[in-house]
Structures are given as structure tokens and as C-alpha cells.
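Structures for review follow.
What follows is chain A paired twice: with chain B in the first complex and chain C in the second.
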Partner chain A sequence: MRHHAGAMNRTWLIILGIVLLAAGAASILFSSGLMAQMTGGNLAGADDPVLSDGPGVLETLPASAVLIGGIILGLLGLWWILAEVPRRRAASSYRLHEDPARGITRCDPAVLAAAVEDDASSLPGVVSSWALLRGTAESPDLALRLTLNERADVQEALRRVRSDVLPNLSRALEVPLHTAGIALEVSGRPAQLGSTVESTGTVVY
Partner chain B sequence: MSAESPPVALRRRPSRSVAATICAVVLLALGVAAVVAALLRLTSGTWPEAVTAPLDWLAESAWNSPGVWAAGIALAAAGLVLLLAGIVPGRFHDLPVRLPAGDRSAEQATSGGPSAVMSRRAVAQLAAATCEHIDGVSSASATATDRDVRVTVTTALHDTQDLQRWVSDGVHSRLEASGLDPVPRVRVSIRSRE
Partner chain C sequence: MTTMQVETARRPRRAVEDRGSTSMSRKVLEKIASQVARDETDAGGTTGGFLGIGSRADFSARPEASVELAGNIASLRVTVGLPYPVPLRQATHELRERIAGRVTELTGVQVRQVDITVAWLRPRPASSGRRNLL
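On to the complex of A and B.
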């Protein structure tokens, strides 16, 4: 129902994984002395120190370069953390007018979503519903989460959504929906309509 | 984007957010550490101890010293874990559900045809709730993956062979009637309460 940064995460994890794996493999090759053998002694052997120049390398390292590198690295990390927050990607207001010179008609998608929720919640077996509209007025996308009672007829609820709820929204917008995704959840709570009432007591004849 | 693909995928695989968040926090920490070290160098003229100590250690250690071996292996292992986290697709969070055929107005309501999924947790709860209505079941719990449903049933019965079949058939038919397509495999384990 929400957008997660899955593709981006995987791309960066693969890039970081390759870099770390290559660095680790190179380190192991140096440690085992294979790197020196393969290069004919041009590179450091297993008994050579890791840093041949010693800690003096720091004296030649410009602090400003480290500062800029640190800022870039920090911003990259911060951007990645912020990208982890799931996004709703809800539609901005739907523009229903054709010619702005003759008048403007805007519709808040949340109003339509509330109507869809109301419509879906009145179906038998539905405990609660949550709707979100994405896309544009010409090509709307509906994401609908339906929570059904655990004893509800799932196919009947879906049939009613398909034959009543989706056509109602489509008629209101006067265009067919681009996509409609329904995510089903199940709950032990009683449905708003069409549920049996549990009771305890004594039957007296 | 094709005519049928929604802007946000309805059925998704793990987004590897734990591994990604750990890496992002490490990157941020390294960035902050580099900035602090560089500022100290610019103000006081010397690099802080936290920077010089590891470099001293690298200058003193040979490539075949145990510490460098361990660091190399740890680096390669971490890289392999991240690479696998990125490559291995992982299980789906939700199971696809078949939608019943609609009438003419239903067909015209969506250009691409609606799609439905049920979460793994919902499938497990549906399976457990079904067991509650089978005679002989004292309590039931279930877990589900995108391929199979494991149902654990507690019963007071001593002969559990028939109950196992009833539970398995009952849950399977309920999941099938709910429209799960394909229907996940049902595995039943019975605990006989003494």
C-alpha cells in the first residue's frame, strides 16, 4: 500500500557489497602472499607492513579533502536513512475542469477516498477499510485495504467491491480506474454489517 | 509504465530496509567522524588520536598478521552478506487472490482489471479461525509464508489421525473458497492434550 525504497536499497547494497567483497578479497590475497606471487613481487608480500609509508601518510592528506569527503558521505547516509521512510504517494488534488478560462473544479482525493471507505465498510463482512487515491483525474489509481471478519465470505466481499464500490468511484470520476489494488486483512473483530451476534445465556422453554 | 502496473506495487518483496538502514547509519557515522577529524586538524593542527591510532596499527602490522587476516575476512564476509541481501529476492509479503468475474459495469470500472492480495498474517488468521470451528479442536494457531500455511492444533482427542485430515481438508477448502490462487500448502501438526 505504501512505497518502499526496495529497488534503491538493493542497488546500493549490491554496490557496497561488491566494494567490500573486493577489498576483503584483495586483503586476503595480500595476507596469503598470493598477490605478490601473481604480480611477480611488484606488490607487497605477506611479511611487508600494510602501510609501507607508515603513519606519515596523514601529513600529506589535506584536511579540506577529508572535510568535503566527510560531508558528502554524511549527506549520502542521511539521504539513504530518509529514503527508508515509506511513502504514501497520494495524489494531489484532482483537476476536473477542461478549460481553466471557463472555471476551475478541483477535488481533494481524500474526499473520494473517504466515500470509497464508507462504501466498502457497508459491505457484509467488512470490519474496516482504508482507501488511497493516486494518479490523476484522467487516470486514477485506487489502493484499497479491506479488513474482513475471519468468518466473512472473502469472494463475496470481493465481488461486491468489484460490482459496487469500484463502479461507484468510476462513475463519480467519469473515467475508468487505471488500476485498482485491493489488499485483504483478516480480523477477529465483528463486521459492521452481516455478522452474527455472539450471545451467552439460558434458553427457557 | 504499462497500462496495468500501479504506481505502488501491491504485492512486494522485502525491501531490505534493515540492512539498508544499518549501512546508511554507518555511512552517516563515518561522514560525521571524518568532518570532526578534519575540523580538529584544521583548528589544532594535529589529527585526533582516533585517526592516528589505526594508521599506526596498520603501519606496524604485516599483511599476514592475525589482525589483518581477521579484518580482511570480516570485510569480505560483510561484503558477501550485503551482496546477497541485494541479490536474493526474498519471499513475497502477500499472497495473490483471484477476483470473481464481474458484470458489465464492473468490467468497465477499471481499464486494467483490479487485483487483490491477502497478507500472510491474514492467511494465517483465516486458517486458525477455520480450525476453531472444527469439532475436536481446543485451540489453533497458524503461521503462513507465501507458499505454505502451518497450522498447530491442540486437541483433547487421543486418536488424532482423523482430526488431522479434517483440519487439513477444512483449511485447504476455506483458503480455496477465499480465492487464494495458488492455494498454499497446508501442514498440520496436532498436539494432544493429556
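On to the complex of A and C.
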């Protein structure tokens, strides 16, 4: 129902992994002395001690460069964290008719989603429903989550969704649905339909 | 010759433009547009609520309409509720034509654009809730 930043995570983790792998391999090569053997001992400063009394790495760099580098890394981290927030990606307003000479017809996808929810909630066995429309008015995508009562007939409910709820939406939009995703949940609460019954008792005057 | 004929003969008819003018408020057009939408189409409005909060959909309410006038040309904006499921493009096209035609017919103001916003969609109630008296 919600979009996660899965592809971006994988890309950046692969890049970070390659960088760290390269750094690890380099440190192993240097520490084991293989690098010195490969280069024939021609590395500059190979015999110097790693820690000396001279200025450290941070002290040789200007303070502003360290500061800017830190800020950039911090912003990148912040951007990555924000990108992790799951997004609904709901559609913006559907424009059903757009003719500047005659007028514009707008319909909010939430209005259609509420109608679909009402429609789905009236099916037997459905406790509650939640709908979200994405895409455009010409190729709408529907995500529908149904909560069914534990005694409900799941196949029957799905059949009714396919035969009533989805055709009603495509009839309203006058285009076939591009995709329709249905998620099912089961709940112990009683279904909405079935809370009232038509009385068939005899009226005695 | 009767008295009436004498009077008409004595007072010549004045030119049309000298007899006064009729001006209509914007609100008249708004009310006509929303009444036409309610009475002659399937559209409905909202009732109740305070400052737009807590209002509910009602097929027997007048939809909200606002009019912008530029001389003798009006552009309308209506917020309607429609029954579900109806083909929305078709229903709003009929609504647009109906409102534009009737407002022009009743007021003489040319309606150029009718922008329609669908605010809610409800299944049409099985009965209107009112009993028909035979």
C-alpha cells in the first residue's frame, strides 16, 4: 500500500559496500607488506612511522574544509533518512474534462476512494475497507484493503469485489482500471452488513 | 372612444431605453445555477455543518455555485455531489450544458465556462425519504 525507497537503498548500499571493500583490501595490502613487495619497495615514505610527532592529518587540512565535508556528509545522511519515510504517492486531483472554452471538471481521487470504500463496505462479510487511487484519470490505479470478518467467505467477497466494486469505479471514470491491488485482512469484529435485518414478523392489530 | 383609448392616444409610448433598467445581482445567477442543478439534474449539495465542518451530503440540497461576471458574460464554478456509480464525464457534461443553457435562457447572461468540482459521490438512495401522497 505504501512505497518504500527499496531500490535507492540497494544502490547506495552497493556503492558503500564497494568503497568499504576497496578500503579494506587496501589496508590489508599495506599492513601485510604485499603492496611494498609489489611496488618493489618504492613507495614514498614507506619506512616512516605512521604516528610521528608532526602535525596530524586533521591539523594539516584547513578547518573550513573539514567543516564543509562534515556538513555535506550530514546532509547526505539526513536526505537518506528522509527518503526512508514510506510514501503513499496518492494521485493529485483528477481532471475529467479540460476545455478552456467550456470549463474544467475536477474530481479529487479521495472522493472516488471514499465512494469505493462505501461500495466495498456494503459487501457481505466486510468489516471495513480502505482505498487509495493513484495514476491519472485516464489510467487509474486502485489499491484496496479489505478487512473481513473471520467467518466471511473470502472467495465470495473477492468475487463480489471483481464483479461489483471494480466495474463501478471504471464505470464512473469511463476507463478500465490500469491496475487494481487488493489486500485482505481478517478481523474478529462483526461485519457492517448484517447489523440490521428486515423484519418479517406478523403485525397484530 | 372610451377613456382608456383617450389616455393612450394622449401619452405617446416612450422608447424602451427610457423606461428604466433591470440589474441583477451576481447572487441571482448563483441561486439560479444551483437551483437548476438541483431540480433538473442528478446533482446534490451539502447541508448542515458549521464553516464547512461537519456538513453532510444531501441530494435534496442545492449545490454551491459561484459566478464571476465580466459584462454580459459569466463564468460559473459549481461544487456538486453526484450519485455513484454514474459515468462522471457524461454526467458533468450534461450538468454543464444544462446549467449554461438554463441560466442564459432565464437571465439573458451568456455563460461561457462552467467549472465543476465533484465533492462527493454517494449511491442514490432507494427512496427519497419522502412519501408520495396519492
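Going forward, the second predicted complex is superposed on the first by the 173 of 205 C-alpha atoms of A that agree within 3 Å, B and C clash if a C-alpha of one lies under 4 Å from a C-alpha of the other, contacts with A are read in each partner's own complex, and residues count from 1 in each chain.
We take it that contacts are C-beta pairs under 8 Å (C-beta built on N, C-alpha and C of every residue); 3 or more make two chains touch, one makes a residue touch a chain.
Here the structure is a predicted model, which is why all the values come from computation and not from measurement.
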Margin query: Quick check for you: in the superposed arrangement, does A:L112 touch first (chain B), second (chain C), both or neither?
Written below: second
Notebook entry, point to check: Between chain B (first) and chain C (second), which does A:L13 come into contact with in this model arrangement: first, second, both, or neither?
Noted result: first
Next item on the list: Using the superposition on chain A described above, determine whether A:E174 touches chain B (first), chain C (second), both, or neither.
Entry: second
Notebook entry, point to check: Which holds for A:S92: it touches chain B only (first), chain C only (second), both, or neither?
Noted result: neither
Check: More residues of chain A are touched by which partner: chain B or chain C?
Finding: B
Notebook entry, point to check: Just chain B (first), just chain C (second), both, or neither: which does A:G70 touch?
Noted result: first
Item checked: Partner chain in contact with A:R102 - chain B first, chain C second, else both or neither -> second
Note to self: Quick check on the superposed pair: does A:T60 touch chain B, chain C, both, or neither? Answer first, second, both or neither.
What the structure shows: neither
Check: Which residues form the common part of the chain A surface touched by chain B and by chain C?
Finding: 169
Check: Which of the residues in chain A end up touching chain C in this complex?
Finding: 96-97, 100-108, 111-112, 114-115, 118-119, 168-169, 171-174
Next item on the list: Could you pull out which chain C residues touch chain A in their complex?
Entry: 75-76, 84-90, 92-93, 96, 112-123
Check: Okay, in this complex, where on chain B does chain A touch?
Finding: 3-8, 10, 12-17, 19-21, 23-39, 41-42, 47, 51-52, 55-56, 58-64, 68-69, 71-87, 94, 97, 99-100, 102-103, 105-106, 108-112, 114-119, 121-123, 125-126, 129, 177-179
Checklist line | Residues of chain A touching chain B in the complex | finding: 1-6, 9-14, 16-28, 30-33, 44-51, 53-55, 57-58, 63-64, 66-67, 69-78, 80-81, 84, 89, 134-135, 141, 143, 150-151, 153-155, 158-159, 161-163, 166-167, 169-170, 176-188
